[in-house]
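By written order: A, B, C and D. Residues from 1 in each chain.
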Amino acid sequence: MADTLAERAPLPRFFSRGALALVLGIYTFYTLGPFLWLMTMSVRTTAEISTDHYAFPKKFHWEQFRIAWIDSDFATYFWNSTIVVVSAVAVVTLFGAAAAHALARYRFRGNRAVYGILFSSIIFPPQITLISLYQILVDYNLYNSLLGLTLVYVSLQLPLTVYLLEGFFARIPQDLFDAAKIDGYGDLEIFRRIVLPIGMPAIATTLILNFIQLWNEFLFAVVLITDPDKRTLPVGIRAFMGDHFQDIGMIATGVMISVIPVIIVYVFFSEKLIRGMTAGAIK
Amino acid sequence: MRATAVGLAAISLVALCAGAAPASAQATQITMWSNWPDEPAKKDWVTARVKDFEAANNKCSVKLSFIPKADLYTQAKSAVRTGQAPDIFYMEPDQPEFLAGGFLEPLDGYVDLNQYEDWSKPAWTSKGKVYGLPVEAYTVELYYNKDAVKKVGIDVPASFQLTQDQFTDLVKKGVAAGITPVAQGVGDRPFPGGLLLFESLLRKLGTEEYGKLLDGKLSFKDPRVVEVMTWMKTLVDAGAYPKSFSTLKLGESHFYFYNTPGALTFPDPSWFTGRAFAPPEGGGMPANFSLGIMQFPAMDKGTCPECKTLAVAGSFVMYAKSKNKDCSGALMKSMATVENGTKWMEQVSLQTGLKSDPAKINSPRKDYFAELNARNKDVKYFFGTPLLYYRAKCAETYTQVMNNAFPAGLLSVQDAAEKMDAACFKS
Amino acid sequence: MAVVTLDQITKQYGPTGPVVVDHVDIHIADGEFMVLLGPSGCGKSTTLRMIAGLEEISSGKLSIGNRVVNQVPAKDRDIAMVFQSYALYPHMSVAENLAFGLRRRKFAAAEVDRRVSEAASILGLTPLLERKPSALSGGQRQRVALGRAMVREPMVFLFDEPLSNLDAALRVNTRTEIIKQHKRLGSTMIYVTHDQVEAMTMGTRICVMNAGKVAQIGAPLDVYWEPADTFVARFLGSPPMNLASAMVASSATGHGARSASLESPLTRWSPAVLGSLIDKKITFGVRAEDLFMNKAALGSEPAGLVRGRVIAVEPLGAETLLLIEVEPGVEWTARLPRHVPVSTDEIVELYYPASAAFIFDATTGRAVIGEARRDPRQ
Amino acid sequence: MTTTSMSSDASGGAANASSLADPRRASWWVLAIFLFPALAVYVGLTAYPAFRTFYDSFFTIEGLDATFVGLDNYRALMSDETFWVSVRNTFIWSFVAPVLDVATGLLLALALYAGVPFARFLRVAWFTPVLLSYVVVAILWTWIYNYDWGVVNLVLRALGLDALVTSWLGNPNTALAALIVTHAWKWAGFNMVVCLAAIHSLPSEVLEASELDNCGWGAKLRYVIVPMLRPTLLNLYILAFIGKMKIFDLVWIMTQGGPLWATETVSTYVYKRAFNWNTFDLGYPSAIASVWFVVVCGAVIILNRLLATRERLEY
């Protein structure tokens, strides 16, 4: 192990090896510690936690997960989150990729203006468009509906998606498009058969980033959804946290339930995420 | 040109999607939002009222949702502007903007106002009309741990009211014994940090002058006010509050008081019971806890030692643009009865703005009720809390300064008074 | 198989923008291998892209196989193109890359397979069919690109600098491969390059382009021996043709060119042609391989002379390059036999056969036409 | 003879002309197919609400009544002390926090690239905080900063540093720093992944060459790695910068801008004025948002001037 360190390291001698291991160990504890702590709390009752916040669970109260899942409608929240986030991510990726392709590939008057406009909306503080958005959704009868929330999510993530994908698509050599054109493919087919497959690393990256961000989105979800049956997970957790009660154990359980899917997505796709970024999605 | 076309097309697309969404709201269904999703006693009371109403009235059905207060306010604020707010929703009098904005329907024509306690009407009265159904009411009380107070060597007199010096003594003895004298936290609430100071100001100034203070007609640099604040500052500096004061949440401060690490006193509105009487395994008060209620300390040369704050909290209001005012009114009317007031007292162990019949109250918390009633005998009520009077910048300053920075020991008396005057003092 | 005709083809970006291809006329015969040669930015690639249908034609008429194709989309022009970057689809295997263009054209699966395997075996790609382009070497990618064009069996092949990303050895091999395929297929091929060696070795004819215009079209050696102007003269040949300005003078022995450092009889031009040039300034040129140290080497031929200061002697083994400064700022290069007994800063005189001299109009740079230049080595 | 339109306008030219023209051009309907969905979403759900916000900023809105007040809101803003405090805090966030985020991310990426053992595990471990929502992060870190049993104070007490024990979120001197640390905790992993990706795409010869030059890691970082990663680092910095200029969730859940406005940011102030101010006035918060939009745009444009390179991708 020490050998690999010395051999592969183009950048050794940061510190002595021991010091490096210590620093990295501490940092790992720093990032992972709170999370592990949360995990222990999720299987302990609030009373147990209160006596000692840091003890290892003596008895694993797995039933807390069952209680949270069933009694507190986590199943519903979870399902709602899944529907909204998955469809929003799918739509924003498709719309964003199409726009990014057009902006990266075609010359037309106003190209940079359109790009600038789309990108600049990344800057706008969301708190203040909230009311207007609300009114618009009400006007179109999309208020308090998962469809409305999905559309809003699409609009939220669109700028970042276009930004990342445009940067990647612009690096695909023009010759590929010329070749496909000579091979007889039309603009839409080129998009589907050339741009999307080649852009996969970058698209995977945006998929993952969008998923993580939307899965955790709170502000719009709380304002645009009032029906308890339509709550998404973050709002569900907030409701769960309650107004007066600080049931730490159950909160930790609920939090774990909401975090697990994201962790799974990451563990499965982290290679893709890195590869996408290496291929130039973000540079 | 093209941009316009795109815009129009965008809107039509969105409209197209909208067409697919199912139209909601049946003719006879009304919607109602309530707070208290996690306070079973109150939730049960509301649910039972709605069930009773539906059983007695087959023309109206009610879609009832329980939503945490902060979220409910955020949603209601957006919803009222667009005509989409629920027909009936939860509101407290410290959100005067709904009334001022004209979003609330006067209830005079719908409910029997004789079923209200006389003191609860003004909280919702504006220009001669009553706008709210005051379900929940409370007094501000000073809860204490009888055993712990005795242990540090303080004898609570028969009047259950300490003098200013005695209270100072209690603080000092508590600190010396390593027990926090006053359990209080402002981590998630804009008001608890001001309770002790403002209750003291009330007893010092009396209802009239105190009212002026809250109306911004009396300066915080008034010598009487400065005197109380200076006393308060000595308590703060002596270590009256927990070190974690600024971040301690309301729920946590409960736990702090009657569980770990424990404290001598706990100033809290009487809806204290909502959490304290929950089962101990859910964070409630241990069964053997020696809970007592005393009066806030009497101020030296205080005008009104017997004064006390009484306020209306959780209420229900009707949306001015409700499309089903008949059903909504009928529901409100069915809720506003003496019988329901009594049930509230019985189930929630808390005051109500509705009239109630004390004789019929059959509460499992009889002892507690007896003590609460005893402390509210022969008192002179002042109606309303600071946040009921303060708005906008002034409310924000109260939250930051009087609720937090001053009791946390971050500001001198002079600075605190100046900041309050700058934001609240008129002329 | 097709004839390709460019009739006054012009490319201009925007109504007032730069003209990158300026009224180009090229007629490419059926089965011909036409090389478009020129420095970068001369418009050769743009011309090719217009033929391919990848670039709008601003004006002029383009026909392929006697059909005017200005309005015909690229896919319907029956052409195939090999790109400088190969343009292989990175997400597809070699086989899929080869088949991609055919699939679109709705060929039967069996036919697609047949063509793909045939092309693969011709080009030695059979063992690589399942690989992705990223797993191939540069030369292999080149062959896939070529194969992709071949399976289409188009009327016209277009090549856009296909060898410039290969190393020298591979370039020679692939060059041969392309020539071989041209012979085998007999298709019309249009090949863009800036490399004169490729142009000389591959082309049936060469079209030298300069600044958006055709400078000269002709068989490779014709262009070499009879450059139409100073640009072609310098662009073809390595080292480029030596040029210097001189005056035409008449003397007792006939007409000659003369300047401070050179003196040459002009034997290839009729007196009538030269008469009008007397006492006028011309550009005088001699190729490097025509310069000699020793006058005796020229035998009985009338010889010209040039004088200059030695700047550098570069022995290359088989030969030696001698750089001299004939006038301030004007350098000539001589390609000499191995041993050159001179040293730097020495003043030397070099000789050349008078028949090897070129003269060009001093202002337009156009060659003054004379009797055909006889290849001295024949 | 002009056979085809010379127009550079995308919509010019007949439909069939488009397919034979420059492949970098497309007919209007192709562009429309690609751009319309995104633009529709943008116009309907971003531009229109944003425009409405700007429009609202010239009004005072009480309930349903809007009164035109011209530039009054903007004038009031200039003398609004809380606003300026929030601007100061936000600028501290925006300029300090991204440096912290990006520097940490870079160092972590270097450690992984240098081939520390368990790199795969560490990469996932260090990225975990990115996956947590602000609600969760806020809950966790409020517990961590807890005065009585929070781990920070427990450690300090264990080390005998009782003098340093404080209510981290309750003390105006430490609250902002505490939030920035929390935020860096959440985002360092993200920056690490991006930096790692960028380092992997650097030509390894350069790193090896610098190894031969025998320069220390500090020098190498300074003269080789950072300059070569400059575009990536700048891009990350700008993304982080924009994020911080809008910072809201974490602050709102953890401190609501307190104590004494020590952690108030422009976004929390906007939200507070819009939803927590006991008024229905949207005009004033809209004015803040509009001003801030301009400020952020300006800052981003200035920062963006710093990166212009965009090399092509090689296969």
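Throughout what follows, a contact is a pair of C-beta atoms (placed from the backbone, for glycine too) under 8 Å apart; a residue touches a chain by one contact, two chains touch by 3 or more.
Predicted model, so just to flag it, every value in this text is computed and none were measured.
Student: Note the shortest touch-path length, in steps, from chain B to chain D.
Tutor: 1
Student: Count of steps on the shortest touching-chain route from chain A to chain B?
Tutor: Shortest path length, in steps: 1.
Student: Just to be sure I understand: the centre of a chain is the mean of its C-alpha atoms, right? Then which chain's centre is nearest the mean of all of them?
Tutor: If we average C-alpha coordinates per chain, D lands closest to the whole-structure average.
Student: Let me check something: if the centre of a chain is the mean of its CA atoms, which chain is farthest from chain A?
Tutor: For chain A, the chain whose C-alpha mean is farthest off is C.
Student: I want to compare two interfaces, A-D and A-C. Which one has more contacting C-beta pairs?
Tutor: A-D
Student: Averaging over Cα atoms per chain, report the distance between chain B and chain C in Å.
Tutor: Chain B and chain C have C-alpha centres separated by 91 Å.
Student: Please report how many Å separate the Cα centroid of chain A from that of chain D, as a whole number.
Tutor: 15
Student: Approximately how many whole Å separate the CA-defined centres of chain C and chain D?
Tutor: That gives a centre separation of 54 Å.
Student: Residue numbers in chain B touching 2 or more other chains?
Tutor: In chain B, the residues touching two or more other chains are 14, 74, 81.
Student: Among the residues of chain A, which ones contact at least 2 other chains?
Tutor: Touching at least two other chains: 130-131, 135-136, 151, 173, 178, 181, 238, 241.
Student: Mark out which residues of chain D touch at least two other chains, giving numbers and ranges.
Tutor: 8, 19, 22-23, 25, 39, 41-42, 44-45, 47-48, 315
Student: Considering the complex alone, what residue numbers of chain A touch chain D?
Tutor: 1, 4-5, 7-14, 20-21, 24, 27-28, 30-35, 37-38, 53-54, 94-96, 98-99, 101-103, 105-109, 114, 117-118, 120-133, 135-136, 151-152, 154-155, 158, 162, 167-168, 170-174, 177-178, 181, 186-188, 191, 212, 215-219, 234, 237-238, 241, 248, 251, 255, 258-259, 262-263, 266-267, 270, 273-274, 276-280, 282-283
Student: Which residues of chain B touch chain D in their complex?
Tutor: 6-7, 9-11, 13-14, 73-74, 77, 81, 94-97, 100-103, 187, 242-248, 261, 390-393, 395-396, 399-401, 404-405, 408, 410-411
Student: Can you check the complex and tell me which residues of chain D touch chain B?
Tutor: 36, 39-45, 47-48, 62-64, 82, 142, 145-148, 165, 167-172, 258-261, 272, 275, 277-280
Student: Over in the complex, which chain C residues touch chain A? Could you list them?
Tutor: So the residues of chain C in touch with chain A come to 49, 52-54, 74-76, 79-81, 83-87, 89-91, 100-101, 104-105, 148.
Student: Can you list the residues on chain A that touch chain B in the complex?
Tutor: 45-47, 50-51, 130-131, 134-136, 138, 140-143, 145, 147-148, 151, 222-223, 226-228, 235, 238-239, 241-247
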